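Paired with subunit B in one complex and with subunit C in the other, subunit A is shared by the two complexes that follow.
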Partner chain A sequence: MQQRNISFNNFEQCIKCTICTVYCPVVSVNPAFPGPKQAGPDGERLRLKNKFFFDENLKFCMNCKRCEVACPSGVKIADLIHSARRNYDKQFPELRDVVLANTDLMGKFARPVAPLVNSLISTKPAKVVMDVMLDIDRNRAFPKYQSRGFRGWFKKEARAAQDCYRNQLAYFHGCSTEYQHPEVGKAFVQVMNAVGWGVRLLKEKCCGVAMISNGLWSQVARNANHNIAEFRKAVSRGLPIVATASTCTLTMRDEYPHILGIDNADVRDHITLVEKFLFEKLDAGEIRLVFKNDYRARIVYHIPCHMEKLGWSIFTEELIRMIPGVSLTVLDSGCCGIAGTYGFKKENYASSQAIGKSVFDQINALSPDFVCCECETCKWQIEMSTAYKVFNPIVILAEALDLEATAAANQPR
Partner chain B sequence: MSTNTFDVIVIGGGVTGSGTARDCSMRGLKTLLVERHDIATGATGRNHGLLHSGARYAVSDPESARECILENRILKKIARHCIEETSGLFLSLPEDDLSYQDIFVKACGQAGIKAEVLDPKEALRLEPSANPLITGAVRVPDGAVDPFRLCASNMVDAKSHGCQVRMYTEVTGLVMEGETVTGVKVLDHLTGQPGEYYGSVIVNACGIWGHAVAGMAGIHIGMVPAKGSLLVFAHRVNDVVLNRCRRPANADILVPGDTVSVIGTTSTNIEFYDCDSLHVTPEEVNLLLGEGAKLAPVLNETRILRAYAGVRPLVSDDSDPSGRNISRGIVCLDHEVRDGVKGFVTITGGKLMTYRLMAELAADLVCRKLGHTARCMTAEVPLPGSEKGSLESISKRLWNVPTTLQKALVGRAGGSAKQIPLADDYAGSLVCECEEVSVSEVDAAIENLEVHNLLDLRRRTRVGMGTCQGELCAFRVAGRLAKAKSGAPKARADLKEFLNERWKGMYPVAWGDTLRESAYTQWVYSEILGIGEKL
Partner chain C sequence: MRYDVILIGGGLSSLVCGITLQKAGKRCLMVSAGQNALHFSSGTFGLLGKLPNGKEVSEPIAAIHKLGASHPYSKIGGGKIMEYAKATPQFFADCGIELKGNRNSNMYRLTPSGTLMPCWLALKETTVFPSRKERLRGRMLIVNFAGYLDFNTDFLAEGLEKMGVSVSRIADVKLPDVEHLRQNPTEMRSVNIARVMDREENWKQFAKEVADLLQGEEYVVIPEVFGLADPMVCEWLREMIPAEILFAGTMPPSVPGIRMQMLLKRAFVYAGGTFLMGDEVLASEVSEGRARSVRTANLGAIDVEADHFVLASGHFFAKGLLSTPKAVLEPVFGLDVSYPADRNSWYDIDFFAKQNYLGFGVETDQDFHPFKDGSPVGNLYVIGAELGGCNSLFEGSGAGVAIMTAFRAAEIIMNE
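Showing the complex of A and B:
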């Protein structure tokens, strides 16, 4: 009797300390957002009284999870907010939100005509049209679609070679690797092969994080169920599931059960991020890395919000610090303001840039050679808002490693 | 007629007294309401907040059952802002005799209460928190009522009909001329001044304390103080009232009220001298939890906000039979007939549910004594704030896109919400974050609702009734009160009293997150606000 408290997403554990609201990036720039405490645990009590207490302004939550990281009581505040949107928001998502949320589908449409799409969406008239018609802010720079995706490259250039590795893993590459940044996937395969691991691809679907943000609930549930079924197959064959995108990883591990109510307990711990995977194998003495002698770089590391939530930035930091010739500065923890599709929306553009300002200022002040970051939307935001390039840590590793020497060092003896 | 002289003086600011004052003043009588503390500080504010359908009494007390269902229908018309029509379920558990259900349904039918037998699966769909082991379920028109709001609305409406109200004014004795009561001697606790008020009829509507007031006229009423304890859970566990389908017993009603759920009650006979210092015992907490979890197993794992207890004013069967002229529940005594004391009436027994009927009976008796012929209007004229429509439709009528704050305000004030200005940022900012109470709602209550301290304000606005129990609101409210009324030293003393009163309710259930939160509250007040020892 009364030995434990099982309230939904721990909302009753809130003791109103209000630390979450202090750490919320949105509350200080957008007064319309009630803040995590009001929108989360406080709002939940009112919504349980009467669903009419659902507040439309919950849409201003970026789902950055900084409130949850700050919460000393373990309340899943952002999960509460998004569960409330899922359970109570009866408005159908507008066209703009459907377009932005379907990262996968948009990529499929754009790919065959990628050069055309890329040059079109970077012209001023097109931006104005999107701004006026779709409320996608005209100041936003779009990532470039690639004519040849990662999977196409893998099939043609890499798949045949994978069978020769003793160890096998399943790679979840995510939408941005497939459509915009295939170099991330290529780097992943190079590094993994060098340390003696063969790469398998899953029949993956978009993790659905943007669908959660934009309220496409039935679609994201379909994707989630599909992915979890794929993961079960992989796990049953003994394959760990390794990803290169921090947000996809967090979504599939934690958002599926907490927001969508989809049970993933049997596969959750098998889903990991490449930096954690590599560090743990290194730490256990199972793999070795051999770096180039002449690699030199001054790098700053921007920790994405979802990396903060995962608590795994230490692995990236340690890996990058292993590279001789690198000086690494970790930026003060802060949100860059983009939050996936959030910053693309006209109503959020000003907030988005105001939130990211301290991150941009720090980067500019440090003037590094480039920025290290696991998250592709952070990359778009920082590249648009500063003069610096951003690279995924696996790309940096692939560049800094002597891949041949590494491969030789990892040969079974 | 001097300013100290009235047609009728009602003693007791509970719902019966406030209702009687309203009824009398609506009938055109010059009325005074005196109360030693604040409104709803006795049994009125210390019960389930259950809008009985009468089903609970259908088998054991058909007359009370009929009174309840009639009043249930009336309150749904005149006090919409105080009421939530949740409906109720009477659940049979495997340990209960299912054959009682037939007796129960039949008795409900005879009392005029709609009782619908449901398939247990249907009942669980209707109320998912109900025990999945139930073997039977009956749906009845139970609901939830906010007793503080109901009492305040009666008091406010009485005032608008010319009634004078004196809170914190304790009756210390009766003014007697021979065998006639002609007035009351009072002590004004706000000023410390004694005084006297004179009335043609004095109504004793003091609940269990009516025993002592009658004693001032040398009259004995055989009363039994019965303590009932209840637990408040931190959020709504159920949306439908849950009862046990068996003879009424301990801890067999779970009521969803506003943002919380309440389980109760126990029943223990106590001494009169204990009525002013009630404590909930660990045994009572165990009993409430153990029995409560049979209705809704989730109670085992839900945070408990606080515990409280009230005293039922039960009138014993051996009192003068001629005085029990209405029912075994309501007792309306004409002391001229019963005891040969003129100008003195006692209205007691009864229930929160039947307060209006009790008030009507008392006012009828007062009118007969005064030879006044005005008709009772309280069954037809709505209380201020009572307005047709759901929370949603009223909110949208007042504001195109209501904010959470506005919705919460309508939830409390009903149609009267429009009188509270929320336009500017400061007036519309939050004082109480748990229950969404604004600066302007607090200010309006201080100005219009007979508020003298923080505790009074809680009874008007739900300030401090949420999960933080005053952690974030009490000092803000103290500031508003100091500014509007009392000044800083008194507000500081009020603040101390308020926080101690909140702690009193948390103490019997101080474990887990409730204990953690109260420790944090203590830290906020002593270490951040620096008012610990000096408070």
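Showing the complex of A and C:
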């Protein structure tokens, strides 16, 4: 009798309880998706026998991982689904998917002409063209590209000052910080400097999450190998790798080994998210935070799917609750429906908005001052679908902290 | 990292205890390794359906004095049980869950195999009968979705005919969106159908099809796959279908149970509790008779400390208890578990007989403090299915033990 699992994704442990299906955001809105149990462990049994059983419709999985979080038996359902896509799907991705997946490349093209691109892609004719030519839904609001990226700002305004800090870390900023939201990176540098940590940048490439979703397998493997090699260099110099985006963090820690089969065991535990990093340093008494006296905000916290999977929302909750004058309500966790590039696609737009409805309804009912969320694509979705602004926790902290007083409190004695 | 209370497990008992404590101002952390047994709930709560000797109980609270001293109810005491029983409907109503039933006497629920089982309180929509001798007069139509195998219409017909009704027909309904599910037979399950039926056009269409099928029958039986998002759908179906509807439970997963779980979790989180879903306690520290801290899979090397710990991680099925060929273990804290040494007495080879292993559980004192290596752990409480001293499946007391011990542990913690 076989006593132990032979698979790393635990699929033998599935007892067919169907709890995963309860928490799948796609299955209720898209009848073409076979559902997590069938697409994952049930289908895997058949696929192991014959690859003929691979089902094209697995592409409708958003990889939100809520099935894995809900599974009482520890089956890695989404990993099973995306490993199957990687192993068996031989279709070449269409142009639209290649465009959407290359967040990094698109940013590089758009940057020199950012104002033009921003105004162009927000016009109706351009949206119709993209809708008709590329199947990118015309109702979707696009994030704005910035003329000056985070790295450019860092080089000019911040890099020279970093050497004076006694502790050093490597910052993985991700594509959205570079191209659309440099304020996240700026806030990160401000806060880290205030608590006595200098920031180094890596020669990073896009983590590749959108390439996994869109089936650009060889390209994502190149990015992953590049990033892991960079992380090894950083770790050998004693630098922790800290990110501000929950999805990049999950991808580089867990998707690289689980879906791409790329071994990152030697660096995985050094890759962390800023909220966890700060909390651990605070908890150990290594740093101190001094907040402004007059900061007031009613905040709701939307836990992104990948933050839920990391299990680290607790750190964000703890940090935000430390701010005097803040009232924080955590939303009943659910997917906002965007799932990276998923919601941009014409065929998914209606599903995407239907999935997110419960999150939007909760936010509207609570009418906060703003929403807190670690994921930039959730930010785009929630800002498009509700009247509320969304901020990364590090931006909220940078705003709520008395940075000078914090810097003084963290001076070496 | 420090909390007032850490609750391990995310099912009925943990949620009732956590919501009570959080609302009383305690900072609570709940850690749950995946979802829980509420997903298999019947839509009713049992307090006590049978005594350990097999005798059926009609007035559960009045029968508590007949239980042995090691039973969780005996440890709480009849007076307290009465107090908690009075508070139960309001507690659930505050979480958005409407219950029906008279707390002093049992009702009878219709099982998916067509038999009647005692229960104490029930969700408003669930079909229950006031007594085992209930008679139904007239004719009945039983409706199922074509291809849905978790709803055994023949068993239901046989059971219901014993109640005096004449089942005139068993009919199938085909709706395009449900038919779509049949492409993958393993996904033709209650919850998939329920999610399709949450959409207004679908439940309206279903109601219309059933109304068209009726030929003057007084009753119609339909599977309990409605109202996952909004239980008002059940009321609207009653308005649209011109016969008395009996919603009959399906094989798991349970649609009303899932809704209950979602509402309770939301109540806990909205009250300010922190819920770690999909995380697992991997290590714990107990010293000098007190639990000190735990570590979890996702939080890694962080010691999460608390003044009080509540262990509600369930029975064997939930891995709250583990068994090896020689021993039964509680894996989180390594607590003392009561079970007989002779393994042959653990089970009966008659599958349907009373199974002793289902009565195994963690030993505790009167206040539900467990023992580790023979010494009590003073700030740790064990509640729910994990407790020894009762065979809940046999007695029909699972939900009752979960709720009563949750209220009791919460009260002791609040009084400290």
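Here is the rule we use: the second predicted complex is superposed on the first by the 409 of 413 C-alpha atoms of A that agree within 3 Å, B and C clash if a C-alpha of one lies under 4 Å from a C-alpha of the other, contacts with A are read in each partner's own complex, and residues count from 1 in each chain.
We adopt the following convention: a residue touches a chain if its C-beta (ideal position, glycine included) is under 8 Å from a C-beta of that chain, and two chains touch if they have at least 3 such contacts.
Because the structure is a prediction, the values reported are computed rather than measured.
Novice: After the superposition on A, what does A:Asn50 contact: first (subunit B), second (subunit C), both or neither?
Specialist: The answer is first: A:Asn50 touches subunit B but not subunit C.
Novice: If you stack the two complexes on chain A, which partner ends up touching A:Pro34: first (subunit B), second (subunit C), both, or neither?
Specialist: both
Novice: Is A:Gly311 touching the first partner subunit B, the second partner subunit C, both, or neither of them?
Specialist: second
Novice: Looking at A:Lys90 after the superposition, I want to know if it touches subunit B, subunit C, both of them or none. Which is it: first, second, both, neither?
Specialist: Once the two structures are laid over each other on A, A:Lys90 reaches no partner at all.
Novice: Using the touch definition from the top, say if A:Val330 reaches subunit B (first), subunit C (second), both or neither.
Specialist: second
Novice: If you stack the two complexes on chain A, which partner ends up touching A:Val69: first (subunit B), second (subunit C), both, or neither?
Specialist: Touch status of A:Val69: second partner only.
Novice: After the superposition on A, what does A:Gln13 contact: first (subunit B), second (subunit C), both or neither?
Specialist: First partner only, subunit B.
Novice: Please write out, lowest number first, the residues of subunit A touched by both subunit B and subunit C across the two complexes.
Specialist: 16-18, 34, 37-38, 42, 73
Novice: What does subunit A use to touch subunit C in their complex?
Specialist: Residues of subunit A touching subunit C: 16-19, 21-23, 27-28, 31, 34-35, 37-38, 42, 68-74, 269, 279-280, 283, 308-312, 314, 317-318, 329-333.
Novice: With touch defined as at the start, can you tell me which subunit C residues reach subunit A in the complex?
Specialist: 1, 29, 33-36, 39-40, 177, 180-181, 183-184, 186-187, 189-192, 195-196, 198, 252-253, 258, 262, 265-266, 269-270, 274, 276-279, 296-300, 302, 318
Novice: Can you list the residues on subunit A that touch subunit B in the complex?
Specialist: 1-7, 11-18, 34, 37-38, 41-46, 48-50, 52-53, 55-56, 73
Novice: Under the touch definition given earlier, write down the residues of subunit B that touch subunit A in their complex.
Specialist: Against subunit A, subunit B makes touches at 234-236, 258-259, 286, 289-290, 293, 298, 300-304, 390-392, 395, 401, 403-404, 407-408, 411, 433-434, 436, 466-468, 471-472, 511-513, 516-517, 520.
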